[in-house]
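Before anything else, here is the set of structures, which you'll find just below.
Two complexes are shown next, each including subunit A; its partner changes from subunit B in the first to subunit C in the second.
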Partner chain A sequence: MENTYLPCGKYHQTYKDEHSWWKTKFIKSKMILLLIVLFFVIPNVAQGYWMSIFNHVGYTILGALGVQLLIGYCGQLTLGHGAFIAIGSYTTTMLLLEFPWPQIIVDLGLSYPLSTIIAGIVAGLWSVLFGLPSARIKGFYLILTTMAAQFITVDFLITQYISQIGGRGQAFSIPGESIKIGPWVIDSNTKVYYLMLVLVILIIIMLSNLLRSRVGRAWIAIRDNDISAEVMGINVLKYKLLAFFVAGFIAGITGSFWISNLSAVSPEHFEWFLSLWLVGVILIGGTGSIHGVIFGSIFMVVTMELLRMGIQPLGETFPKLASDFLYIRDSFFGLLICVFLLYEPNGMAYRWWQIKSYFNLWPFSY
Partner chain B sequence: MELFLMTLVQGIMLGGLYALVSLGWVLIYKCSGVLNLAMGEMTLIGAYVSLTFYNMGVPFILSIVISLVIGLVLGILTERIFLDKLIGEPVLTVIMVTVGLSYFFRGIIEFVFTTDTRLFTPPIFSIEPIRIGPVIFSEVFLWTFIAALILLVIFVAFFKFTKWGLAMQATADDEMAALSIGISARFVYSAAWAIAFMAAGVGGTLLGNINGLNISVGYLGLLVLPAVVLGGLNSIPGAIVGGIVIGILQNFCGTYLDQFFRGSVKEIAPFVFMAIFLLFKPYGLWGWERIERV
Partner chain C sequence: MINTQETVKDNDVLLELKDVHMFFGKVAALSGVSLQIRKGEIHSVIGPNGAGKTVMMNIINGLYKPQKGEIFFKGKKINKLPPYKRAELGLSRTFQKVEVFGGMTVLDNIRLGRHIHYKSGILSGSFYLGKTKKEEIQHREFIEEEIIDLLEIENIRDKPTGMLPYGLQKRVELGRALAMEPELLILDEPLAGLNLEEVEDMARFIIDINEEERWKVTCLLVEHDMGVVMDLSNRVYVLNFGNMIVDDTPAAVQSNKEVINAYLGEEDLYSTRR
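Our next item is the complex of A and B:
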């Protein structure tokens, strides 16, 4: 699905060409245009509310990339990814609030980036812990253990123990000035947007490069048939755990990023709904495709916002609709997933690929 | 010792309820291979329907019957609209459809009935405790257990002795063979969903009598998972045993471990137990071991 059609009469002449990201000048200019739009046009045009929607899309993309790696590329079903995002968030929060950073690091503004990396590693190791059962079980049983991960981590450990540290009660509020990278304090939606953009691009580059290396091929082999993968000499357990680690690492970074957008971190942000939401995003976007993550995230967040906008005017006449919007959203989310899985089981990425190849070959159908 | 006995008895009685709902779950899995995560919302729907009718003045038994009828209709509709088309799809797709369904139902329930706790008024069971020797428990638990037992017996008899039940057993055993002797698989799927919906509804109604009914009663639907994993996914006796064991385990954790931890261990313990149990015996006590070949 990822291969591109070259224009008529053009051939790769070196291996470097064949491995390049942007294979033709047209694609290159298209992507550069996209980057210009993302970096310069959107931040200047969009206002506060729209900015927050973009940030939410970015957060969903980051979270769903990890799920996509586990489900779409390694075939390890997970319904507990929210737990690892929570671990990332809480590790960073705890490090920022409680850890005695040396003054020089605080002055250089390195405490947030450093804690982000530590959060990634901690979340990765935590994810490996709950990935261990994958050595013996798969499919539905793995879903059960990852669900257990969600309940144990968020509903028990974080709510009952970690939230109590320092006697702050349920929510940890982070002083705004502590979230800074170097000299830049991340205190507005626009700055969060830039941080999100850089992270999304970095992680997508990392993940796509990983996926076309030996590791990625091993993951895909395990997804397609784990027994044949083992017969071919792939160390299945090692690569499964590696997948869990990388997914957990991405989740940790995601969680750590998201606290820059939250005024206070509390367990409510990481309920089971988040895990389901992320899986819903990749199923709607299409499993086994990074495009799918992006399409799915945009689609889900924008649809939910449209729903909110649609409900709000009705709220004046029917106040119950406005006050119980959350329930309508839940219900709508459920219905959306059902409908997509029933009528578009390959996801939006497949549809995108069809459209693209249609126009590549246009006006001839073959 | 008294505490121990009391915990045990209450655990068994609560476990009877879990067994009832687990039975519905296993039935769906056995007959149609669907791993259902919407069980909790199915209990909620049944419970809210019977509560609404009971509070309107309908006798309790009659309101349970009404909720059974509505469960039957909804079960058939759900199967026909959503799950009929999913036969042969990957595991994740089927599971996510049931998750989607559960959110769909839950949203509707929360919207219609709000999240406040509702009580069966006037109370059906007296709050006078019953004493048997040193063991004290409230009447609700006893009746709940008896009702669950009666229903379990009815279901088992249904499978053993009626034509429909035998057809369902045959489909669960070997779908191809069942189709070739003229059993309609679609009928069996619908029947499985209808029965599961009804069992869940009664389970929810009974549980709602203990502490009042609110959205957290739907947690029962998740508790079913440890129970069925323990018994093996496709074993009906396994589901009953698993339900009772999980009930006992939960009560013991509540009595003896809660003092050592913050919050309630009761709600987490079944899942911890399940995660550990899966490591050692992934196919449960009586489940079929699946042998895989390349």
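Our next item is the complex of A and C:
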């Protein structure tokens, strides 16, 4: 599915051309245009509220990329990804609040970026720990062990123990000036947006490069047929754990990024519903596709916001609707997944691929 | 009735099974099987359904661990090695039921067969640095020139493998196994479910792989199509209920009373496919 037909009459002369990232001049200019819109047009046009929606989309994309890697590319069903995002958030928060950073690092604004990388590694290792059962079990049984990650990490360790450190109570408030990258203090929606954009682009580049080289192919092989993957010389356990590590690393970075948008971190941000939500995003967007993550995230976040906007005015006449909004949102989420599984089981990315192929071959599509 | 007229030199033997026993619960799938495969030969294993042929292949391959007995590959004991380590030593195989990676393109399937020859790791891979980029092109050249050209699958190289017809999937699977540049290639019923033309193509590929100067791959062939088996093989090994009946040249096997009783049945039946 990743392989799109070239437009009519386009041929590659060398392997280098065919392996290249943007295969035609048209795609290249299209992508550069997209980058210009993302970096310059949107931040200047969009206002505060919309900016926060964009940030939420970015957060969902980052979170769902890890889930996509595990479920869509490596075939390891996971339902506890929220735990690793939480680990990322809490590692960074704890490092920023408790770690005695040398003054020079704080002055240079390196404490947040460094914490982010450490958070990624910690979350990655934590994820490997819960990936270990995948050596023996797959499918539904793995769902249960990854759910255990969620409850052990968030509901037990973080709520009961980590939240008690320093006697701050349930929520850790982060002083605004500590979220600082170099000379820039991340204190407005627009700045969070730029940080989000850089992270999303960086991680998508890294992940898609992995997927078109040795490691990614091994992951996909394990998803499609683990027995013949092992016979073909792949150390299945090693690559499964590597997938868990990379997914956890991405989750850690995600969590660490998200605290820049929060005034306080508390376990309620990382409930089990977050893990379920991320799986829903990739089901709707399309499993096994990075486009799917982006489409799914945009679709889900925007749909939920529209739902909220639609229900709020009604709440004035029907107060019950406003107070029960959370239940309505959840049931709508369930309904959406049902509809997608029935009518578009391959997700939005498949439809996108079909449209693209149609226009590439247009008008001679046979 | 073991025929040992030709003396076997030790350094000629690529793979050796010594008195291998395999039980599933109380059921003996293999009881004391010994086998020697010499370099450069096509060695066939035949036998009725349930004789233990696929179990034998899985043991050689490392998917099953025998309870008793020894397996030597290139003079090295490989009993304890997991399948992926055996692949690194030069053991490759195809499966009875095609086990291609359905979601990957044909090209990616074959690239995956070369997994052990690729070097790039997670860091160089994620940035697609010079090493990875060069390596991808290098291996692409090999795949295009050696494998895709040999198996004549140029037109389907970008198709998702799961969508291809059965015969082509079998061919892709052979390509994938070959991309590893193995020393011993296990072919588990490569002809099952193919039509006559495809059988002829596949038989030609097997001969090419075995005889061409470029490849010279030793083949271990499991097959029910007697016409092909008798034509291709240098030696034929007959298995029945986990026991060896005979291990000899095709001509000797065809005239062996015991083999006819156990498997071939009435004379001349084996030649119907020709």
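Here, the second predicted complex is superposed on the first by the 361 of 366 C-alpha atoms of A that agree within 3 Å, B and C clash if a C-alpha of one lies under 4 Å from a C-alpha of the other, contacts with A are read in each partner's own complex, and residues count from 1 in each chain.
To be clear about the criterion, a residue touches a chain if its C-beta (ideal position, glycine included) is under 8 Å from a C-beta of that chain, and two chains touch if they have at least 3 such contacts.
Quick caveat: nothing in here was measured; it's all calculated off a predicted structure.
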Looking at the superposed three-chain arrangement on subunit A, would you call subunit B and subunit C a clash or a fit? fit
With subunit A at the apex, figure out the C-alpha centre angle toward subunit B and subunit C and round it to a multiple of 10 degrees. 80
With both complexes superposed on chain A, which partner does A:L97 reach: first (subunit B), second (subunit C), both or neither? neither
With both complexes superposed on chain A, which partner does A:Y15 reach: first (subunit B), second (subunit C), both or neither? second
Which partner, subunit B or subunit C, is in contact with more residues of subunit A? B
So, does A:I152 touch the first partner subunit B, the second partner subunit C, both, or neither? first
For A:L125 in the superposed arrangement: first (subunit B), second (subunit C), both or neither? neither
Kindly classify A:N225 by the partners it touches after superposition: subunit B alone (first), subunit C alone (second), both, or neither? both
Considering only the touch criterion stated at the top, classify A:L207 as touching first (subunit B), second (subunit C), both, or neither. second
Of the two partner chains, subunit B (first) and subunit C (second), which one does A:R217 touch, if any: first, second, both, or neither? second
A:L283 in the overlay: touching subunit B, subunit C, both, or neither? Say first, second, both or neither. first
Subunit B and subunit C, closest CA-CA distance after overlay, in Å? 6
Residues on subunit A lying within both footprints (that of subunit B and that of subunit C): 225, 227-228, 231
Report the residues of subunit B in contact with subunit A in the complex, numbered from low to high. 35, 82, 85-86, 89, 91-93, 95-97, 99-108, 110-111, 114, 222, 225, 229, 233, 261-263, 267-268, 271-272, 274-275, 278-279, 282, 292-294
Using the touch rule from the top, collect the residues of subunit A that touch subunit B in their complex. 71, 77, 79, 130, 132-133, 136-137, 139-141, 143-145, 147-149, 151-152, 155-156, 159-161, 164, 225, 227-228, 231, 276, 279-280, 283, 287, 320, 324, 326-338, 341-342, 345
What part of subunit C is in contact with subunit A in the complex they form? 61-63, 82-84, 87-88, 92-93, 95, 99-105, 108, 111-113, 115-116, 118-122, 125-128, 132-133, 136-137, 140-141, 144, 158, 160, 176-177, 180
Where on subunit A is subunit C touching in the complex? 1, 3, 15-16, 19, 206-207, 209-210, 212-218, 220-221, 223-225, 227-236, 242, 246, 288
